[in-house]
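Here's the structure, in structure tokens; my notes come after.
Residue numbering begins at 1 within each chain, and the chains themselves are lettered A, B, C and D in the order written.
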Amino acid sequence: MLLQKKMIAGHFDRLANTAKTGEKAVYTFVPGNLNELIWAFDLLPVHPEINALQSAMRKQSGDYVLEAEKAGHSEDVCTYVKSDIGMMRKGNIGPTGQRLPEPSLLLLSYTGCFTFMKWFELLKQEYNCPVVMLHVPYQADGRITPEMRKYVVKQLKEVVIPKLEEISGKKYDEDKLRAMLASSARSEDDLVAVWDAAKQKPSPIDAYFGGVYYIGPIFTAFRGTKECESYYRTLRAEVEQRAKQGLGPVTPDGKVHQEKYRLVVEGPPNWTSFREFWEMFYAEGAVCVSSTYTRVGGLYEQGFRHDPEHPLESLADYCMGCYTNRNLPSRVDLIAKQIEDFQADGFVVNSIKSCNSFSAGQLLMMKEIEKRTGRAGGFIESDLVDPRYFSAANIKNRLESYFQMLEARS
Amino acid sequence: MDAYVGIDLGSTTTKAVFLDEHEKLLGFGITNSRSDYDIACQIAREEAEINSRFAILRRELRSQVAGDGHEQLIAWLFQKYRLAQHSRQLEALAQACRKAVDLLPNAAHRPPTHAVLDQILTEMEREAVGLFTPGAVARSDFFRDVAASSFLHLAEKKAGDDAKLLDRLIGTYDKSILQVEAKSYTNAFADYIRFAADAVRRMPEFEAHGEAITRAVANTIAIEFRVLNTIGTGYGRQRLPFPKEQIRSEILCHGLGAHFMFPKTRTVLDIGGQDTKAIQVDENGIVTNFQMNDRCAAGCGRYLGYIADEMNVGLHELGPLAMKSRKQVKINSTCTVFAGAELRERLALGERREDMLAGLHRAIILRAMSLLARSGGVVSEFTFTGGVAKNQAATDALRKLIAENYGEMTINISPDSIFTGAIGAALFAKRDRKGDLIGVDLKALQKPVKPTAQEQR
Amino acid sequence: MNFYTAGIDAGNSSVKVALLEFSGDVSKPRLVDTELSKLRKRDPKAVIEGAWERVLARNKLAPDQIAYVATTGDGELVEFRRGHFYSMTSHARGALFIDPGARAVVDVGALHAKALIMDERSKVLGYRMTSQCASGSGQFIENISRYLGITIEDVGKLSLEADEPTAVSGICAVLAETDVINMVSRGIATRNILKGIHVSMAKRLVNLLRLVKAQGRILVTGGLGLDVGLVAAIKENMTGGNVEVVNHELSPMAGAIGCGIWGGYRHVRLARN
Amino acid sequence: MTDPTTEIVEQCRVLYEDLSFTAVKQWKERTGGRAVGFMPVYAPRELIHAAGMLPVGIMGGGENLEIIKGDAYFQSYICHIPRSTIELGVTGRLDCLDGMLFPAICDVIRNLSGMWQMLFKDKLVRYLDFPQEFTAGIGGAFYRHELEGLLQQLSALSKVTVTPERLRQSIALYNENRRVIAKLYDTRAKTPEKVPTYELYLVMRASNVLPVEEHTALVERYLAAAAKRDRKPLDNARVVVTGAFCEQPPIALIRALEASGCYVVDDDWVLGARYLLGDVKLGDDPLTELANAYLGDTVETASRYEPRRKKGAFLIDSVKKYGAEGVVFCAPSFCDPALLERPMLVEALNKAGVPHTSFNYAENTSQYHVFKEQTGTFADSIKLWGAA
């Protein structure tokens, strides 16, 4: 964890100093991002979603959201966007208290969510900076066709790369990219080993609440970097050690609790009351052995790796392969498989008000998964960063009833 | 006698159930929920105990009185018992009212208010005797409502055109009833039943049974209930003074309670005062799925309560009125408060009250249909529980919509359906009992009466 | 040219009638009389008629002596109206009449709350309204005051005496009653409960006001303009910038006055054509 | 004298209110053909038509459908159209459709396509991904490929081989239809008193279920009838309504808008029939022509990335073209694309000095009070103060 904190602090320092160093920031989204490509041009990636969730963890997102609503944003829409806009309007102070640089480019990789497009259109109006659109087709039939890949690669070659060259003033260096992709693949191997550890009983990790910490570096600015590689090496060793000792997951209390229920979780977590939310699980002995949110940046356990041999093709596949870019039947397959693979007693859907991409259709998915696995699903509702939509009493009530139901059924 | 107790602390009513060693129901108790949750629990539990004793009393009398005579006898004993209890509360109310009038800020207002108040209270006492006879239709099961309707009716009559005086009287009542509610008047079974026995013995038709009554009453009083375990559930369960193991989610309790009453039930719908739940259970009464509504009055019992107030009719009358509708009128507003306003406006524009009420009942059931669909649809058999199941217009609308959307099937509605959650809790109390753990006995929870907000002011 | 107009504001909890007299400058009418009649669950049409007749009788006027009867609110209920004006148009004009310095209005009635900003001619420049949920409305306060055993007129005064306001957690206007009951049980003094309610209402209203970017003098109109507790709570929460929150004894009449004045304008225009 | 349009409008109203799609069933019986549904906007109906099938626009269930099961599929914070569409589906009302197309307009419709795959396994279900890259070589090539794939699926379903000639004929018919619709809109803007918006709306909705030739004739008949009307314009405010390219407002809301003193002079309802602004060329490769038409001359909605022009330019053009005095944003609640677009459009309008107002609705709202107060105030303020 400490390692991760250091990495983040270093990155934000670098961002805060761009005025002096002349480095340029490229804003882009987390799912299916082109991190290695951005680094390959020596540009600095910034992920507004991460800023929004960090603001929520620091209890500032509520104000930001209100600020955006005051500026005319609707109550009904994704609060990630509103938190980001609010933060910008209040001086664009990032999670470490330092000011974030303005974007030199908005790299709109339109992956798995239509809101992304609106988000950067809004930022474009605010910053009046260039935008480059990378349209990533949806896996409507549960697979990537050669035409889809061709379309993305063509955009990378003819639209994205030329723009990055223009912004950075550097030529595209494919060898540099290859080296980073090779590094990414090594981290990815280690992450898969971490996820796999949860198959053991008791699970040494919590793959949802704890999991969001594990995915931090690889999903965001660090994939492809040396620090990232060493982070995952260390993490893997730690987790394998815990597994060997038969220890359960680490929780904010530090205590290892008895593993009473093994759960798979679908949907992003709530960030505004993250700890309180987590506690509702571990206090009852519920351990999340797998989750879909931790796969929004890539489904490595299904075999995908960044590939230095086919750099642009593998970037294209990475973009198209993220969880929310897959159709509902594939998502059902995936969760059902996780439930079997990780021997879960049940699954919980945390339905997020903000995120249509995740949430629309979850109720049907739940029914289908229950039918297919015979395992009961629990359903709760909250929001990512809008504290108004975290009703602790309500969620607790539902979870409690759900756990008692699992207990009664077992 | 050993007993297990289930308590369902609802938002509008608090229910308790006594269960014996063989999972047989002994008695039910209910009271309106009020600001003091502990008192509400205590009273519900005491009511359940009283109800259990009356069951015993009936058995005793049946064995001692030949033929069907005992039915009449028990009915009278019960009514007189209620009268005794009611009188005790009236007394308390009178006291509180007088004190409140003494505190009126303007001293000049006090004497005239006292004068009218005295008249009202005397009248109420007289009325009470008539209220408690077998066959009299109760306006409500709760002192609060019975007293309120008499008081307000009388106050309006006595105050005449003097709107200020009326306001003062209503204010006095509103303050005083809170104090009466903060105390239990149910924990004196022996006193009340002796009063009742005396009264009944003096009635010419029961003269012959004097001795039987005395014996049966004495036997009943002598019975001690030993509560082995208590489980609490319901909206307010988190505030019950029980350890965590003695609290169960209301979903589980409703599921199990419904299964107990109707073992073939697979789907349960509960519409209570503050929430609506759709629950699916398996063949053992274990919950497999459930859905609950958000915290909005539209779609639950309070919606109907609010509308009844707006329309100036009693909650009991709402359903029957709606049943008289000739055509349903769709109410556009979802919000309870707006629906109330819309109703008034449309009444002015010439719509029939009955038709609009029919529309309202349908609306509330439609919302429940959504929840049902979400929880997994309706599977045979279907059981409807909660207070709203007492409303016939609601049950009719439900039957119709279920048939239209899920086909014909058995729909269970028990007159005791309001106790479903408490029954489930009592069953859990019995099944949970491990070793000789003695559950919390609520008698230990009696608390001194707190001053009301007005007194503190 | 001398003529009378009347404005009728058919609201959800009360009917307001304003009688105006115009002479010379149409923009400077004289307020002759007002009447406010609570519905108290009665037939609104009958209440409107009653109020209307009382106003005419008091001023010894016959219906045909009123040049223009204008309505706002539920105008359909007034069959003898000549024209209808929407409530924000009316409240803006009424507010300007009551207080020529007002540049923003927040109208808080039985069910709705509306905020608007306007210029010195009462042209509405921006507005917002609460929607289909009555949480924190006047109706809610009325219900609660009944439960607490106090009259609506005393609500404001009591709230001002609060020393330890207690937040109301519930959002639903109907279910929040349960919360209030709960608070009573915990021995919380009425004044503090009321203040708590006022604060939570004020926050919503301030939010509305911020959304329309209200500046300068803000007049609280509608029935709750008389609720000094609410007005104080709005003041406390509407901080920053050059804002000043005021109310006026005529606040509940703003809608009726405003539409009556617009009626005057229309009358002059129609007479000219 | 009876109103000359009554009969036509009544016919359209019957079609609009018929949630069982009798007209589609009758068409199928009559012709023995098949029918394919599509969600509100951007579906290439020409392909369905060329494959000998009836394209059927599905725009939710509107205000008359009682939602009993549909809510089981969606949380309360998701817009209304998918739940009513599911309700139509699971109650068997869409059984007359042999397939469904889900254009890529938002995450909700996108996910709905997956739900449809799960719920209706034996039907053709196709998600249509549109390029958000608008050069012929990249986005155009991708889209042409999409269209080709779709056409193959469609002709496999109908067993009709689609020759380029056949497709050109279909395109020509739709070109004609688009032209009469454009005339209808122009006429309304010029003489809104003769073409009330709720009538125009019903006439447009008929395009969802009628064969294109019939609809073209219907619009022409309507225009002829409306021209005979002798009405004076009211003192209303002229407004452009925007925000509802997907979930449609209830008719009563459209009427309330007019009743509160507004003349609608342009709108973005029933866009499925008029998302292409000009004729599609009848070139050698009709698929390429369709793709080009999409890349070029297409309405701007919140779902389409616009790399070339400034946000709001399209809307301001419409305001100018039709002489509108203000803009009413009326978007479905919880519609992320429309609602996120709104602040950008507002900014553009502010810069251009065009007054505007906004509110949300759901297709089945029946509460018009708040809405009427708002549009009424808007109309009042334009009328009382507009010129000054």
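Here, a contact is a pair of C-beta atoms (placed from the backbone, for glycine too) under 8 Å apart; a residue touches a chain by one contact, two chains touch by 3 or more.
Everything numeric here is computed off the predicted structure, so don't read it as measured data.
A.B. asks: Counting C-beta pairs in contact, which comes out ahead: B-C or A-D?
C.D. replies: Of A-D and B-C, it is A-D that has more C-beta pairs in contact.
A.B. asks: Determine the centre-to-centre distance between subunit A and subunit D, using the mean Cα coordinates as centres, and give it in whole Å.
C.D. replies: Chain centres of subunit A and subunit D, defined by C-alpha means, are spaced 35 Å apart.
A.B. asks: Rounded to the nearest whole Å, what is the centre-to-centre distance of subunit B and subunit C, using the mean of the C-alpha atoms as each centre?
C.D. replies: Result: the chain centres lie 39 Å from each other.
A.B. asks: Just curious, how far off is subunit C from subunit A if you go by their C-alpha centres, in Å?
C.D. replies: 49
A.B. asks: For subunit A and subunit B, what's the span in angstrom between their mean Cα positions?
C.D. replies: 51
A.B. asks: Mind pulling the subunit C residues that touch 2 or more other chains?
C.D. replies: 132 - these are the residues of subunit C that touch more than one other chain.
A.B. asks: Residues of subunit D that contact two or more other chains, please.
C.D. replies: Within subunit D, the residues that touch at least two other chains are 72, 367.
A.B. asks: At least two partner chains per residue is the criterion; list those residues in subunit A.
C.D. replies: Counting only residues that touch two or more other chains, subunit A contributes 363.
A.B. asks: Are the chains arranged, by touching, as a line, ring, star, complete graph, or other?
C.D. replies: complete
A.B. asks: Note which residues of subunit B are touching subunit C in the complex, please.
C.D. replies: Those residues of subunit B that touch subunit C are 11, 34-37, 167, 171-172, 174-175, 178, 182, 274, 295-297, 302-303, 306, 310, 312, 333-338, 341, 344-345, 347-349, 450-454, 456-457.
A.B. asks: Can you list the subunit D residues touching subunit A in their complex?
C.D. replies: 72-75, 77-78, 82, 104-108, 110-115, 117-119, 126-127, 129, 131-133, 137-139, 141-142, 145, 302-303, 305, 307, 311, 333-337, 339-344, 346-347, 360
A.B. asks: Would you pull the subunit B residues touching subunit D in the complex into a rising list?
C.D. replies: Within the complex, subunit B contacts subunit D at residues 294, 330, 332-334, 338, 366, 369-371, 373-375, 377, 401, 405.
A.B. asks: Write out the stretch or stretches of subunit D touching subunit B in their complex.
C.D. replies: Going by the criterion above, the answer is residues 66-72, 76, 366-368.
A.B. asks: With touch defined as at the start, can you tell me which subunit C residues reach subunit A in the complex?
C.D. replies: Interface residues on subunit C, with respect to subunit A: 207, 210-211.
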